[in-house]
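When the chains are written out, they are named A, B and C in that same order, and each has its own residue count from 1.
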Amino acid sequence: MENEIRPPRRYKRSKLPKLVRWIFGLIVLSSFFWRLYTVIIVQNEYTPDIWVRLLISGLVIGGVYSLIAIGYTLVYGILRMINFAHGEVMMIGTFAGYFVFEATNAIRFTSSTGEITSLSNAQPFLSILLAFIVGMTVAATSGFLLEKIAYRPLRKAPRLIPLISAIGASIFLQNLAQLLFSPLVRDYKNPDLIARGQGWAITVAGARLTIPYTGVLTFSLSIILMFALYTMVRKSKLGKSMRAVAADKSTAALMGIDVNGVISQTFIISGMLAGAAGVMWGLHNGLVYYYVGFLPGIKAFTSAVLGGIGNIPGAMLGGMLLGMIESIGPTALGISYQLKDVLAFVILIIILIFRPSGILGEVLSEEKV
Amino acid sequence: MNKKLVSPSLKRGLTFGIVMIIFVLIDLDVMVATMLSKLFGANVIRGSIPDVGFMVLFLILFGMFVGWSTSSDDAKPTTKLFQALVAGLTLGVVLGLFDLILNQLIVTGTDVRKYLAALAPESIRLFLFDQGAISPLLHLGLFTVASLLGSLMKILLKSESASRFFKGVKSGYQGLQAKAQANTPNWVKKYGKFLLFLLIGLLAFFPPRIWGSYNNYVVGLVGLYVILGIGLNIIVGLSGQLMLGFAAFFAMGAYSVALLNAPLPHGIMLGFWPSLLIGILMAVVAAVLLGLPVMGMRGDYLAIVTLGFGEIIRILLKSDLLTSFTGGPRGIQDIRGPTLFGQSFSSDIDYTYIILVVMVLSIFIYKRLERSRTGRAWLAVKEDTKVAQATGVNIMTNKLLALCLGAAFAGLAGGIFAARNQFTGPNDHQLMVSMNILSILIVGGVNSIPGIILGAFTLKGLPEILREIENYRLLVFGGLLVVMMISRPEGLWPATRPNIEKDEGNKLKENGAPGEGGLND
Amino acid sequence: MKNFKGLIVVIVAVLLLSACGPAAVDTPAPAEVVDANIPTVCSADRYGCAKIEPGQTIKIGMGSPMTGGDASFGIDAEQAGKIAVADAEPLHGFSFELVAEDDQGAAEGGAAVANKFVADQTLVGVAGHLFSGATAAAMPIYEAKGIPMLSPSATNPTLTQKGSAVFNRVPFTDAAQGKAAATFIYEELGFRKIAVMHDGEDYGKGLAEIVKVEFEALGGEVVEFVGITSKEADYTPVLTTIAAKSPELIYFGGYTQDAGVLANQMKTTGLENAVFFGCDGTFGTDFLNRAGANGEGSYHATPRTPPQTPEKTAFDEAYKAAYGVGPGELSPFTWNSYDCTTALIEKVGDVAVLGADGALYIPRGALVDAVRGLNNWTGISGTYTCAPVGDCNIQGPQFHIVKNGAFVPVN
């Protein structure tokens, strides 16, 4: 009959782009492995123990990045917000920990053995715990205030607006720290128990290596925090509320969830994680100054995207991957160490071409076009 | 009833107390006092401590502001005063406690500047009015009184007589306006736009010759950032792709002009204009290189990838690997400027002309783009990709075109920038540059030409003019971004989108359809 | 929020008003009318005179990064300059004033600051700029106006190869320091196999390249030449790859922040026995604090000067008293900045003429020549004689070794 409704003709999408992508991917992958083969096997400049050292460096650097990325991805996943000021919250945590250690180092008394020692060395566990508690608290407060002042009024605005606000907050906090504490670069006074550079001596492939205490601590801390956060988001009531808010804010509100409260708590937890990362950064890398959060913030962003937005194990994986690329990458591919960041970004782009939602995929929120 | 009044005022006093403490910790109190003294004509030498009187004045003004803002608009006068009293008292108490600590520092002679760099003894003494132990009480009294004063001012200004006064002024002004409009001869209405352009053209010609090289430099800088803003707007505003590495295209233009026009490292003297064209071309090539892989990426992924791209370009320019080609961290010096008809055309006045002309051209191109089919296609893709595709828009070429055009503008600006400074290096193309351009765009107002101009002036021109507050420039900049986003997220001069509205007669009434308009943006 | 907006309007208005205060940005140019008051030297001078009215100050400018990642250099230079100005005697009753502006270490800022300075008629000299990029952009602007520059730290060699009449600098050229370092390592220390690192920046890389070339010319072997990214925290990967080549010594061109981190991390990456050799950028208490025991036996450089003169001690104490941190902690160029400012002030005193109307006339051309003509001028950071191209420090460096947590000169 004339009025019969025919099914529409299917618009045939050309298979060409997909073909091009796969050919491109094949070329990249094969040249990548060819290069690896040439450098590692053929040229063979480095003995195996060097590779082991690089691997360990990569794990340590990756551990640092993972730690920072976990807090970052939480906010990213719940609010789909690029929190540019995350690095600055980390910086605040680093400073807080610095002051705690300055204080514990300044308190001196005569120990039972008759020598003069500081609180830091007499009670290292207490000092470290105190530093972490203070650092995490101060950073969590900063995260809460940051959200309240700079982000909450912009809850309903298009995504660009909170981004600019975040950039402004980041610049503001950096400069506030510079004006308060001067641009002087200060060093953490680690308790002697976990002095920087000290570690377990092991022998691998005939060479003596040092596995740094602070490195192991960083790595362990990031795994612990990752599991804690993951469990919290998956199992606890708060986590459920967070996921609901991430899916659809207005519906969550209709369901009786205090959206403002949940978001505040998200930022508080993210701040706590940033604070822990900051104190750990100080213990491991030693440097504390107003600009110290800038680069880690970008690395956290990269790690989070690598692993998948909102994906907490993904952030950990992304951080470890980034650390490995920076550590082993240049040497394995025979390029200059200066280009490690170029390598990292190129690999990021390639991964995103083939897995547009990150390696482990997005988790917390639905895809919003 | 009482609790509802007390609590917010208490919180406000507390908040402002902490704000003032931070001010003291970053030496901002001394700075403001210095500025006040300059306002009153004192010839101030940098770094000297101003008179105590100005610090008192600053604190009084601060207290008045606290009182003013605490008094709610619609409360009775006595309520207003009460609110201000509570706030002022809280403020005074908080600062009084702070003063006690400060006094201890002075008395024991401890120098905390190892940790808190701004607490120099002279600054502390100035804040305490040099009165030592009684300063907490002085501050308490001062802030309470000032707060009450502020509230009083509000009462006066909001009172019946005051509002009648303001209303009268306003209606008088409106009356004048109406009269003027009614009396405008017809020919002005017809040729007004043309005359305006003529006036602007004349105004643009003479001042650069008179007002000195510094103002030329600032105007030129603002102009260049307007061009950059327009370029980024095409990418971010019209086609909706979040781009955080715009400085990469800027660098392509700058380095092309630099490498082709300087004695080192290559010694090619191609001339400014040809190398500028090559610079634009290189920027477009870079855009294609970036655009192809990122075709499928969305929002935030695009953001990090473009950020990475910007960093890649910067690191490559700075790297050892490419130093023989790009000059490395040294940068490139002695870049020759443009010549016109054989004469060197590179004085600061000439550059201002060039930039102004290029800026007007860019605005013109942008306006035509916006109204064109391409422009509307971009906006359609931004709104809803699938629907746009259904109407026949090829998404890939569409987005790529936006990237290329935006990059072209950046390359243009970059080339002029490098030639004007006669030097360029990797430090000129950092991440902050991209952030700055994005900020200009958002603060000024996306898709709005007057907004971009205003944004460029506010974020680039104003800090130059306000070099007095040197150390605090970036602090103010960051805070300004946040404040602007909260109070006016649509931008300083938002774009007016054409809209179709229905009037009472239920007929569709068009209001500024695309294709018309003009200065109404 | 309405109150807030109004407040912002008020604040901006106030700031704008105060910016147009008595120390105005654009003071009018001196009149060209022939005036009996103006000393004859002014009309003969190729740049004319700067006229300081009674009640105005003589301004010395300074351009450096005061915000951003390199702010420590600018803040440090400004602080040193302020002490220099405070130490200066008033000239015919006119006092000096330091005007330090933020150029962010890049060309855009450098040109902006230079344009601002030349617009001020009472500004006669610039102790800067600090970073070579900003200096390169600023130089032509000062050249046109006749404002002499005396930079504490711009070391890019091409700056003095352009035939500028106004630009001078007091740090060693990379050529002088690099050659001296290579020779010292080869001959005095006797090493034959070294690795050369730099921080990827203009100063560090330039130095490292010279050392590499000179060392190889002497017959030594440079097993690895690699740049790091400045201001990162973990350099163990690159140090590990260098350790694979077993160098006897690592030369580093860069600043104390990275040097300290490198010295520390060398001990855990297989380079425990390698010597760390730095430059004048790595010299400072900042390095000692950061490296601690790991810094023992490392070498650094300073200008050739007796380590502690009474003037230097006095300056160190004044700096510490005024700012709460020690000189050299924020940047290695504290003493250079002091000397540049002092030298400029001194030269102004040499050429200035008091007019009959009580105003001070400073012939700019004569000042430019006077600064270029610095001869055996001794400051707290060294003795300087300016060559015709503008390099004022042709002496080689003095090397120091770190022993028991202190710097000990070795040659």
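Following the convention adopted for this analysis, contacts are C-beta pairs under 8 Å (C-beta built on N, C-alpha and C of every residue); 3 or more make two chains touch, one makes a residue touch a chain.
What you see is a predicted model; the values in this text were computed from it and never measured.
Colleague: Whose C-alpha centre lies nearest the centre of all protein C-alpha atoms?
Modeller: Chain nearest the centroid of all protein C-alpha atoms: B.
Colleague: Which chain pair is joined by more contacting C-beta pairs, A-B or A-C?
Modeller: A-B is joined by more C-beta pairs in contact.
Colleague: Mind checking the centre-to-centre distance between chain A and chain B? Centres are C-alpha means, answer in whole Å.
Modeller: 30
Colleague: Hey, how far is the Cα centre of chain A from the one of chain C, in Å?
Modeller: Between these chains, centre-to-centre, one finds 37 Å.
Colleague: Where in chain B do residues touch two or more of the other chains?
Modeller: Answer for chain B, listing residues that touch two or more other chains: 113, 117, 315, 318-320, 471, 474, 486.
Colleague: Multi-chain contacts in chain C: which residues touch at least two other chains?
Modeller: If we look for residues of chain C contacting two or more partner chains, we find 67-68, 200, 226-227, 229, 325.
Colleague: Which residues of chain A are in contact with two or more other chains?
Modeller: As it turns out, chain A has residues touching two or more other chains at 175, 182, 184, 336, 338, 341.
Colleague: Residues of chain A touching chain C in their complex?
Modeller: Within the complex, chain A contacts chain C at residues 45-47, 50, 53-54, 57-58, 60-61, 64, 175, 178, 182-185, 187, 196-197, 199, 207, 210, 212, 281, 285-287, 290-291, 294-295, 326-328, 330-331, 336-338, 340-341.
Colleague: Hey, which residues of chain B end up touching chain C in the complex?
Modeller: 35-36, 38-39, 41-47, 65, 68-69, 111-114, 117, 120, 211-218, 221, 264, 315, 318-320, 328-331, 333-334, 348, 417, 420-425, 427-428, 430, 432, 462, 464-471, 473-474, 483, 486-487
Colleague: So in the complex, the part of chain C that touches chain A is made up of which residues?
Modeller: Spelled out, the residues of chain C in touch with chain A are 67-69, 71-72, 75, 200, 226-229, 231-234, 236-238, 240-241, 243-244, 257, 260-261, 264-265, 267-270, 286, 289-290, 294, 325, 329-330.
Colleague: Along chain B, where are the residues that touch chain A in the complex?
Modeller: 22, 25-28, 113, 115-118, 236, 242, 293-294, 296-301, 303-305, 307-309, 311-312, 315-316, 318-321, 384-386, 431, 435, 438-439, 442-443, 446, 471-472, 474-475, 477-482, 484-486, 489
Colleague: Provide the residue numbers of chain C that touch chain B in the complex, in ascending order.
Modeller: 1, 3-5, 7-8, 12, 14-19, 21-23, 25-26, 55-57, 66-68, 82, 95, 97-102, 105-108, 110-112, 115-116, 118-119, 131-133, 136-137, 140-141, 156, 158-159, 162, 200-202, 205-206, 225-227, 229, 322-325
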